[in-house]
Amino acid sequence: MPPGTIVHVGEQRHEPVKLSVIKYDAADFQEKTVATVEAALSFRSKSSVMWLNIDGVHQPEIIEQVAKSFGLHPLVAEDIASTGQRPKLEDFDDYIFVVLRMLRFDGNENETKTEQMSIIFGRDFVVSFQEREGDVFDHIRERLRNNKGRIRKLGADYLAYSLIDSIVDNYFMVLEKLGETIEDIEDRLVANPTSETLQTIHDLKREMIFLRKSVWPLREVINRLERSESALINKSTFVYLRDVYDHTIQVMDAVETFRDILSGMLDIYLSSVSNRMNEVMKVLTVIATIFIPLTFVAGIYGMNFRYMPELEQTWSYPAVLVLMLVVALLMVVYFRRKKWI
Amino acid sequence: MPPGTIVHVGEQRHEPVKLSVIKYDAADFQEKTVATVEAALSFRSKSSVMWLNIDGVHQPEIIEQVAKSFGLHPLVAEDIASTGQRPKLEDFDDYIFVVLRMLRFDGNENETKTEQMSIIFGRDFVVSFQEREGDVFDHIRERLRNNKGRIRKLGADYLAYSLIDSIVDNYFMVLEKLGETIEDIEDRLVANPTSETLQTIHDLKREMIFLRKSVWPLREVINRLERSESALINKSTFVYLRDVYDHTIQVMDAVETFRDILSGMLDIYLSSVSNRMNEVMKVLTVIATIFIPLTFVAGIYGMNFRYMPELEQTWSYPAVLVLMLVVALLMVVYFRRKKWI
Amino acid sequence: MPPGTIVHVGEQRHEPVKLSVIKYDAADFQEKTVATVEAALSFRSKSSVMWLNIDGVHQPEIIEQVAKSFGLHPLVAEDIASTGQRPKLEDFDDYIFVVLRMLRFDGNENETKTEQMSIIFGRDFVVSFQEREGDVFDHIRERLRNNKGRIRKLGADYLAYSLIDSIVDNYFMVLEKLGETIEDIEDRLVANPTSETLQTIHDLKREMIFLRKSVWPLREVINRLERSESALINKSTFVYLRDVYDHTIQVMDAVETFRDILSGMLDIYLSSVSNRMNEVMKVLTVIATIFIPLTFVAGIYGMNFRYMPELEQTWSYPAVLVLMLVVALLMVVYFRRKKWI
Amino acid sequence: MPPGTIVHVGEQRHEPVKLSVIKYDAADFQEKTVATVEAALSFRSKSSVMWLNIDGVHQPEIIEQVAKSFGLHPLVAEDIASTGQRPKLEDFDDYIFVVLRMLRFDGNENETKTEQMSIIFGRDFVVSFQEREGDVFDHIRERLRNNKGRIRKLGADYLAYSLIDSIVDNYFMVLEKLGETIEDIEDRLVANPTSETLQTIHDLKREMIFLRKSVWPLREVINRLERSESALINKSTFVYLRDVYDHTIQVMDAVETFRDILSGMLDIYLSSVSNRMNEVMKVLTVIATIFIPLTFVAGIYGMNFRYMPELEQTWSYPAVLVLMLVVALLMVVYFRRKKWI
Amino acid sequence: MPPGTIVHVGEQRHEPVKLSVIKYDAADFQEKTVATVEAALSFRSKSSVMWLNIDGVHQPEIIEQVAKSFGLHPLVAEDIASTGQRPKLEDFDDYIFVVLRMLRFDGNENETKTEQMSIIFGRDFVVSFQEREGDVFDHIRERLRNNKGRIRKLGADYLAYSLIDSIVDNYFMVLEKLGETIEDIEDRLVANPTSETLQTIHDLKREMIFLRKSVWPLREVINRLERSESALINKSTFVYLRDVYDHTIQVMDAVETFRDILSGMLDIYLSSVSNRMNEVMKVLTVIATIFIPLTFVAGIYGMNFRYMPELEQTWSYPAVLVLMLVVALLMVVYFRRKKWI
């Protein structure tokens, strides 16, 4: 297919795509769920900000309509549909296109799920695409509705910043959950390490690899946004972008720390396995080393030679028993000294 | 040999070199398989784009003719013939010379094969050299024939981009195949790891090393192309080059992730081997530790001392048997507690 | 919550927040504990330096008052309250905002504790926020009171430098304590390594990870301060900043060295464990290898065949005993040669 | 000794130093072995290129004469004599001084030997110093003699490039030899790994360390040469230098790949050792676990109690034998299931 | 204490501080041991170079006098006294302050000792501080006395260079000693590795960590010196500084190579330990596997059943002996095939 073709890549979906529009300025606020892109466009006006949020990227025609209406480059439309993009930023002069990954911790499967989030923002609009319904933006909608904070007074760039900020803040939530899982395993590692513990450590390590893949490029995206000289971003927004940037670095730090901790846990697991092996060997050695010589002595006096004078004495049986006891005790003392028992 | 000498380096080949020409502009399209370079040159014209694709670099005279006809530097001709080049880009003012590696996953041998692909493009021509017939460009030819998309309206630089894009897209296919193999092994690793599993993990690790060698320099090639100020590349093509660049980074990411996963699998393999050793040791220890002391007791009463009063009692044989049973049971209880059985 | 909301993040606290003001110039010095931010502001004057130190960031209203009084950006106020920030520097034109981590080595729990320290300084003031009472600035207060050194003659920037310098110097103290712990373990590692030793090594490794997280960004903070072109910093202060920078690098060096040493200790631990396993195996092997053949010989002559001519000879019993002794001695000689005993 | 003193550092040598001169331009060619530096100087002329090759750097007086005649800096003379230099480039305005390492694979000792090669080139001369006779430049001499290629038409800079190119090309030869050795070991690693295999892997790893030390700085040398703005290098030579640069990167790539492969081989070796240990343990466990219980049963009926009713029955001996057989078979079945036999 | 306070940090010392002055120009030379700093200052003159060398930094008053006399910054004085500085360079306009670490290999304790060396040089003076008497500058003093080489004709910058050069050259000596120790261990590693060998390898690794800490920053120091635009350094000195720089890189290369080699030796040690374990296990397995079945057979015929027909036959005893021999031989053949014996 030629580049610029809109093909949905990713998990198959069938639910209808949901379009919801919010239009606001310092004074007014409107919110509506619309059926078509055209209906949404009627909300656009130069003096207010329109936020069009679209849940679902599996209907190419909708993406195409959005692309036409907002004058997006064909490659942007292609990227929105093919979920699996690395976080990135493209600065076209009229609009900025940002791809992020939104995380969700699935408590049932103990797994982090990611979803591609595309944000396009211009002077007076923000269009956001998500793969499925359900997001981390409810508190932003709340602030818009109730005119809390500065958000209604500021432009589309501040809204775009707010969306990105919510996504990054959500990373901390996911990290916290992973941190709890790590602590869980840590306790089990000391109490009773099994091969499942090992498996969980490796699963977590892999989670970290995927998290890292989502976060590393994000840092660059936000850095470029922060340093961009785009006319679309107000000066006063830059300090907020710098704040998100700091958060991204904190997330990265946490991911790296978790990786280091997991590596340490792997070492502890392996050395505890070899410690147990050691213990098993010691038991075997102690038992075998005490009884093999004694059995040999018993074997000696079990021989059927005709002339074995010891056998004839009354005291020789108890004497041999005592001898065996002494040998056994000496062995025990030796092992005690070696700290084997 | 002096630098600039054209010597074919690589696998020996004997099939004839195949030359095919495509000439197109927005209105016209011609396609032909020609016998000689001269025949191909007749297709060149200032107002249209000529694409000369040559399958086979083992006949120096053909490369030499191409070099002469298009005014290529002797070192370029040398590089085309000696397959084994690292991906690279040379910007001569009249033409740009790009070397890439085209991958092919050989399903039979479970191995990735690479082929050197040289692309030279100027204002009105693209010359591409492959080591053997069969490539990943059929969909481009199709688009040219049927005038699908923008390709016929754009210049030689867009065609060159399309070729590079196809090659990079093909990397994802190869990565997917490798990903499947990795998942296969992963299942086996849990079920029944053998030393062949280890061998396969190491083979895959080596595949990754080779893949990495092909992809890392590619990133720089495309980066330089994207940042080049060559007059040969149209402004509108840059956004497409940036897109290929993003794909290259995604490929690199995937390769690094696979490497990390394979390292983790190696750890799991090693620790599962040492776990099994542990299990073997436990069986030995349990059996030996139970029976060695019992055998010793039997040995005692097998001795031939004349005065062993116990031997004379009617109840002593069953008593000894019961004693042995008790010792064995105590041992079993001890091992249960230690979770060895 | 909208960005800029002041929410205390971190350990829950209930003690009242303590505000203490110091006002000084070359001639005068005043020091007072005040109840409110307003009371503190009355100490501010253009010709002298005011240092407002606040112990406790769990009362948002106090931070808000400070932010209003000194014209701080909402995000600065947010960062002060949410303890867990990475060391960072923000240069607003009127003031510079620095976040650091102050370390404290808890001798009881053998653990390093960190506390967030926020410093805001402008032309004539320094405001410092700590999480709890107790800090490393007593010697600075002493110097201010007694007019020791240059500190009273210099501006707010020098005071800010002094605070940072004290914090970095304190890192050396913590490192020294950790160094002592490492030496302790090292001795134990040679004498009698237990699995607790391993645990301690891993705990120390983790300490190093956390220390590193505090120190690495610090380097950049001080570097940026040193290279900043802010009008708030006097030229003569730069050489002092360069000095702190050097100290930071020394701290980082020490942390890296400790990490390397701890890794080496891990290797030694593991190889000492496997050495002991080896030793255990040798004892088992020596005992088993000597006595199993001898027991076999005894078994032979314990068989009840009717025709075993050896059994009838007077000399055969001592002969067999001698034979056994010879076999045992040969074994001992063999093991001596192999250096097993 | 003061810096600039010429002292031969390296292997002791006694053979006489050999000086050979070649003088050429597009039309003429002279070649001669001379006895003294003065004799060589008579070949110098502004309109042609003189190449003075000196085999042996153990006679300080010769280096001193060369230094005087060509106006070399004392430190250059010192560097020529002290073999063990890292590859480097010094651009004095009148001449460029390049130090390289020439490799030689010693087939007998399976070892790569290196030799320091110093090249000084100016507008009309190239002086090259080697540690001993025998080099990789015969094909260059051949081309000069027979006026093959462009070399006679171009200046001293092209000759210098040709020398460097030959040395780098020779690296590929050495790498090929090492590659063959690696393949050899790989086969042995699968068939029958011994501790010698391990030693060879480590020897090869060390070879790689030394190769790397020779090649890494070389990259920088050629890079600086390529980017230099020295008037001594013609514009047309730069494309050739870029070509050598590409080759250097290929060599480095190959070295890194070999290192990775050798690390993988080490892993395979270690895990094959532990596999064999496992196998040994299994044999021991199977034999011991089958026979220890049986021996115990035999011990029971070897006891000398007066009242052991079983002993008196005709059928009890065969019954016990059958019982033993059944126990043994059950054990065998158990081990089969565990895949131990 | 306020920054700039001179406190001796490091090993306690009590010997008197030794001051020695050398004053020279092309024509004159004076050398004297003086008692006070004032006495030394009388040697200073604009037309000649004065070198004041001070052995001992444990008397703050002397450092203070020097600082006053030469106009040094308080932080410079502080750094001189607190030994433990990282190598660094500070360029004040009137003088340059360089801190280095001088190494000394203590043959008795097989340990490298370091000493802080501070060099301050201006237009007409060099002041050098060492921690104790005894240094690597005797050959420089010799050259000054005898007017050997260029040193008397050149300025203070050349003297400073000479001091730095001597220190770096001395590193090679230390590295050579360490290289010999490494070779020693290597031989022992093959012949008879003990746990002391392991300890020595780890000690050497730690030595390397410390060496690295001394050398890495040195590289930057010399680099900055070389690139500095200070008026205090003559143009002709730069080529010498570049030479020291190259030596520093060679030292770093050697340190890295030694680290790699030591890591390889660690691997060899570990795998030789596991090889020996393997060997021990094989001996145990061979002995146990041969004799346990035989002992079982002997046990069978030691049973006291009344009806064991075999026992009554004349030929059955020798037949059983032969059977045992055959079983033992078969086992031996089996182990031979497995290459265990």
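Just so it is clear, A, B, C, D and E label the chains in written order, and each chain counts residues from 1 on its own.
The rule we apply is simple: contacts are C-beta pairs under 8 Å (C-beta built on N, C-alpha and C of every residue); 3 or more make two chains touch, one makes a residue touch a chain.
Remember, it's a predicted structure, so these values are computed and weren't measured experimentally.
Asker: If more than half of the interface residue numbers appear on both sides, call it same; otherwise different. Which is it for chain D and chain E?
Answerer: Interface between chain D and chain E is built from largely different residues.
Asker: From the C-alpha centre of chain B to that of chain C, how far is it in Å?
Answerer: 42
Asker: Using mean CA coordinates as chain centres, what's the gap between chain A and chain C in Å?
Answerer: So the centroids are 26 Å from each other.
Asker: For chain C, write out the residues touching at least two other chains, lowest number first.
Answerer: Residues 274, 277, 281, 284, 288, 292, 295, 299, 302-304, 308.
Asker: Please list every chain around the ring, with chain A first and chain C second.
Answerer: Cycle of chains, anchored at chain A and oriented toward chain C: A, C, E, D, B.
Asker: Contact residues on chain E for chain C in the complex?
Answerer: Per the stated touch rule, the residues are 1-5, 73, 75, 79, 84-86, 88, 90, 192, 195, 198-199, 202, 205-206, 209-210, 213, 217, 266, 269-270, 273-274, 276-277, 280-281, 283-284, 287-288, 291-292, 294-295, 298-299, 301-304, 308, 310-314, 316-317, 320-321.
Asker: Which part of chain C faces chain E closely enough to touch in the complex?
Answerer: 139, 143, 148-151, 162, 165, 190, 239-240, 242-243, 246, 249-250, 253, 257, 260-261, 264, 267-268, 271-272, 274-275, 277-278, 281-282, 284-285, 288-289, 292-293, 295-296, 299-300, 302-308, 339-340
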